[in-house]
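Heads up, the next two complexes both have subunit A, just with different partners, subunit B and then subunit C.
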Partner chain A sequence: MSAVENPRTDVAGGTDGADGSVTFGLTVDGTAHEVTARWDESLLTVLRDRLGVRGPKTGCAHGRCGACAVRADLGDGGHVLCACLVPAATAAGGTVETIASIGGPDGALSDVQEAFLAEGAVQCGICTAGFVTAATELLETNPDPTRPEIEAALYGNLCRCTGYGRIIAAVETAARTRRGATS
Partner chain B sequence: MRGAKVATSAPGGIGASVRRPDGPAKVRGEFSYAGDLTAEGMLIGVTLRSPHPHARILSVDTTAARAMDGVHAVLTVDDVPGDRHFGLVLRDEPVLADGVVRYAGEPVAVVAAVDAATARRAARAVEVVYEVLPALTDPQLALTAASVHPDGNVYRHVSYSCGDPDARGVVTVENTYRIGMQDPAFLAPEAGLARPTPDGGVAIEVATQWLHSDQKQIGWATGLPPEKVHVSLAGVGGAFGGREDVTLQTHACLLALATGRPVKIEYTREESFLAHRQRHPGTIWLRHSADADGRIVSVEGRVLLDGGAYASTSPVVITNTVTLLQGPYRVDNGRFEGWSVRTNNPSCGAMRGFGVPQAAFAHEAQLDALAAALDLDPVEIRLTNALQRGDVATFGQRFDAPTPVREVIEGLRAVPLPTGPAKAPGGVGRSAEGGTVRRGVGWAVSIKNLAFSEGHVDESTAEVSLRDGHATVHTACAEVGQGFVTVAEQVARTVLGATTVDVVQPDTLVASAGSTSASRQTMASGTAVHRACLAVRDRMLGRVARAHGLDAATLTVADGVVCAAGRPLGPVATAAPGQTFRATEHFQHPATHPLGSPEGGMYVAFGFSAQRAVVDVDVELGLVSVVQIASCQDVGTVVNPTQLLGQIEGGIVQGMGLALMEEVVVADGLITNPDLQDYLIPTIVDAPEIVSTYVTDPEPGMPHGWKGVGEPPLVTAVPVVAAAVRAATGLPLPAVPIKPEHIALGIGAAPTVTWTTPRPADPDRPRGPVVDEEPHDAPGTMAEEGAPPGP
Partner chain C sequence: MLLEAPRFALPETLGEALAARAERPEAVVVAGGTEVMPDLLWRNRTAAGFLSLRRVAALRGTATDGGELVIGAGTPVAALTTAPDGGLRAAASSLGTPLVRTEATIGGNVVSALPYRNLLPTLLASGATLELTSATGTRVVPFDGFVTAPGVTGLREGELLTAVRLPVHVGFADYAKVGRRNAQFVATVSAAVVSRDGVARLAFGNAGPTPLRSDAVDTAATALLDGRATPADLRATVAAAVDPPEDTVASAEYRRHALGVLAVRLVTRAAVDAGLGS
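== the complex of A and B ==
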């Protein structure tokens, strides 16, 4: 990352550059980065364009489609949010887990990823990382979700290809698999 | 499923729910989409667009923009080295605005700079002086208004009759129906990366539906021959017709050639709405006459589609709408007319269904209106009129392939109605009041033409190789999410017995596959792959026969094993060690012909679909919850059950979106909702339970009897949801999307029902179709229909 002139320390976890940029620490998928970005840059822009993390996708850039969903801990315990809506600088010192942090042991697919493939929940796939991210969080907090609970957890993610039927089937299958594995 | 004819095959072959080969990368977030493209030294391209729907450009000054640090090129129409115009059907659209802008959002200049922020600043620094002109935004006025383009305001007028249009039964029903503008709203906005090539040409990776069409149109603008324009497919995040036209392709190539650097363009969501083609909004007037048992005696229809500023596929779409106004029903007597016209509204073109959802919405409303007038069951009236094999269409084509209209209706009727509690209307908050919720059940049946029509060549080519059981398949068929990559793999496994299959990323190094549209790629590219695999298999078997001293005619491949007279010889993978077998095969459907041509039919094939929708409606708030849609579709054969279900469910939910919520709102030529906050596509909360059943009657001439399946589910879903909401509310609801205020305030006129003295068809009138060159009527009269018909 580039050097910053006149570093200030009164910005939470970061330093403010004379050109309106700010430098701060951000941990993404387990790797610590020092990021210099403009104040108005979204977390999605920082992830994709500055760090080259391409798992979160740009669908609308206004928080309606969920293609950029990541799990972020900004000091609040962590939850899934739209990276396009978060000014990156407010994530200073935080940790972000993208789709790259989701997987089974030894590079295998997670049960949710496996179920998405088995049930045909993937077509063009541009929404898939966001859905897998949101569904993974759902099953961690609610291992046996009802259909209304699945809908409530995933209605911030849009899919234009599948009509959602296979996505619901995939979440139900993953939940069954997980319950079977732990019972 | 009626007589499920699923071919037996090698593991992972035709008929199995094979997983997508690109699936693992997609669930890991590692699949590369066009928006993910990057290159060393890459510049970012940005487009300056017209803020006016119609204006004369008095001057364009790029001096300040060109002088900015980091700006490498600012191009206007004067910098287009080749032909300044492009277009899918008519070449009427300027690459960059040429003296006049005709829609809000029309590209005026393009900029390449070191980063997006610099490029956007430079685009804002281009000084354009406009003289704003009156905008033609009412398509009803297009015929009489001054031309807004040198080519005039009518893209195409279609008019024909068959039999005796003045024949009457005991009743006529007529109404005027309106369909709103739907956006394809694929979730990955347009993106592509162009680079200059050492031979003076250009290469572009782009999310597209039709590589060779892009190549041709890039060639026109750049002045380069096809061999110097290389198009390859980048990862595509949905398409649905909206990537069939050129948007950024030519601009990125012009900028790459002008700067000598790689140039990437990626649209914002707002630009995506402005730049690509929407589904045609339209007005359809229909008059049906029937006898007392509901049999259709005659149909008269007129259609007006707003094509917007440039032609795109408007001259083709209008024929689909007009000719398929008859629906999946036998109609011997009729008169049909339609116009697609130019306005200063957003340009419209291909979207899944291609003119037919509009027709289906209107004809199915009419069937229900006839049934209501005659006190008949809506299912019975459809069975009474169902097309059968051997019937002749109003447009003269004989239905000489399986025409299982009755079968899809009967198959649907066997699906039980849903029981148990349903989710209340009102979105995730479920804000409806229990006491005002009414349930409705509606039925709809549709016909959709499959593949290109009216003489447009429908073809594809496949190159296949096989070595030690590993097959490679190369076509120019764009994978846009529908799963052609899976089908190609399944074919190679079934025909060749391949153990592994690599489907090469499509490019223009292989011959054209046509567009991924019109439900056509399994039929066209799938068949080309099938033929190439057969040729490769025969070459391999010839080699095996010579090596073993056998007659090649006795050799076959089954389940990945080479057999001699049915006896296993050994696996395909070890049949000819180290030998590579190759073949390139072409497939082309039998030629089609323009409407009215004596030489033959307009369409390659047809697909039929029946659906039943169950809805709950809060009649005071106007909120609708679609509880269930059951479907029975004519699918030829089941190639991949999971992918087939994905097409059915995805298509139904898109059609439901058009029926209930999706509309590009255009006011004075400006799109007021170019974002996903205000343009509503269905969410997981809106999606109904879907029950999908099939009729499998193999399509003649197609391997395994397969046929296109992607569009019919959408086509039928539009009328079926509307029918169910009508049943719940008792309202006529002649327009989609049905908005809450339509229900709450009862907006929309009911069909006019007129009792008539039966008048048999004049037997001397020609069976038809008789095509009229001159307009029979004017589109502006449609709103004033309603006079008692006929003598």
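== the complex of A and C ==
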């Protein structure tokens, strides 16, 4: 486990005394970790600053921008959520899949990622992992989404570069490609 | 107990949760974390520890019991976006974002008890009741009166909100809010309507320190519904009944006006639904 020794103390909650720690198991992208964190630390802080998992990004840190979106199963079947809003220790024994689980090994891109590249849906990139995560979840539950359905599914992800048009086009392209590949 | 530490408890059963509540009265009860985590980040509050209800599966899910829809307090708002109640559906669908709705719970929305919370006017308009459970048993109280001040409720020491009960009615229910922008906005003011058997009942959010309704407003709304009064009559009655806050988001005068607009809008929708309007 590649731990970062001095996690930022300004990301969630305040500082704590010696009894402020919690130790729990967490599986991230298929790797089991034993995590020791402050009791009030967010899942995002644990992922990025304690485990060195940098796919989820710190954007707004309060659930508005979706840059930290990951797929997580915290004992309720699994869904995409904002890692910044989840007290990390409530994920004890759970599994988290970040953008690293969406792409293939050795940097291979998923069909959704390829579509984002092909459509020019990536500029600065800080929102991209979150958008791809939300879009991938959408296409798994709804393989042929309408434009309003795409917009609704991506409502929790903000992009300050693209104006969203290229991102929506990318999701439409990914859906079309995926339907073509399976029909 | 799935996990226990000096400042953290993660129960799996209601019994464990109630025991932890009694043992840790100073701990903040957290469900989804969507309010508490930003509050800690921004130093809006301090917390001595967490009692997390996230892993108590018995608190999640909805069922019908007689004439009531029983919603476990840990049910995520996302699950309410397809609820049979139109008001609940509209209020849930316009809360936060899809990524917030999977975590935010109905229980958190109710117990946090802030005037702009989406679900509160809907619960007040529909005559909801709350199941409050402690180690000594469960009491059922009306939602009307449960919130006593912004962020303050009638929840007693050792108690947890375990379920919200809504009368299942055949009729029309809806919710509307206005804010400072069209995306991801917190309600500057909000309103909910329930209309059945020709009688309209309205409730308002951010119209006063606590969720607000009044008999005079419902009389005027019902009169508008069946054409005995004008929209101006209802707006005037609403303006007289509400006591909205004045803050950096909006003036009390703006809120009073907007509440009247929302009231007329919702009663008009109810009239159209009943085939009474055009």
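As a working rule, the second predicted complex is superposed on the first by the 161 of 183 C-alpha atoms of A that agree within 3 Å, B and C clash if a C-alpha of one lies under 4 Å from a C-alpha of the other, contacts with A are read in each partner's own complex, and residues count from 1 in each chain.
Rule of thumb we're sticking to: contacts are C-beta pairs under 8 Å (C-beta built on N, C-alpha and C of every residue); 3 or more make two chains touch, one makes a residue touch a chain.
Keep in mind it's a predicted model, so treat the numbers as computed, not measured.
Considered on the superposed subunit A, subunit B and subunit C are sterically compatible, since they fit side by side. In the superposed pair of complexes, A:P148 makes contact with subunit B only, with no contact to subunit C. Residue contacts after overlaying the shared chain place A:H62 against subunit B and subunit C alike. When the two structures are aligned on the shared chain, A:V86 is found in touch with subunit C, with no touch to subunit B. In the superposed pair of complexes, A:V132 makes contact with subunit B only, with no contact to subunit C. Look at A:D76: by the touch rule set out above, it reaches subunit C but stays clear of subunit B. In the overlay built on the shared chain, the residue A:G20 is in contact with subunit C alone; subunit B does not reach it. By the touch criterion defined above, A:Q113 reaches subunit B but does not reach subunit C. Annotation: superposed on chain A, subunit B and subunit C show a minimal Cα-Cα gap of 5 Å.
Residue overlap on subunit A between the subunit B contacts of one complex and the subunit C contacts of the other covers 61-62, 64, 152, 155, 157.
Subunit A makes touch with subunit C in their complex at residues 11-14, 16, 19-24, 39-40, 42, 61-64, 66, 69, 74-76, 79-82, 84-87, 89-90, 92-93, 134, 152-153, 155-157.
If you check the complex, the residues on subunit B that touch subunit A are 17, 19-20, 22-24, 26-33, 35-36, 185-189, 235-240, 266, 268-269, 423, 428, 480-483, 642-643, 645-646, 649-654, 675-677, 681-685, 687, 689-690.
Contact residues of subunit A toward subunit B in the complex are 54-62, 64-65, 67, 98-100, 103, 109, 113, 116-120, 122-129, 132, 148, 150-152, 154-155, 157-168.
Every residue of subunit C that touches subunit A in the complex is listed here, in rising order: 2-3, 5-8, 10, 30, 32-34, 36-38, 40-43, 46-47, 49-50, 52, 54-55, 57, 60, 78, 96-100, 102-103, 183-184.
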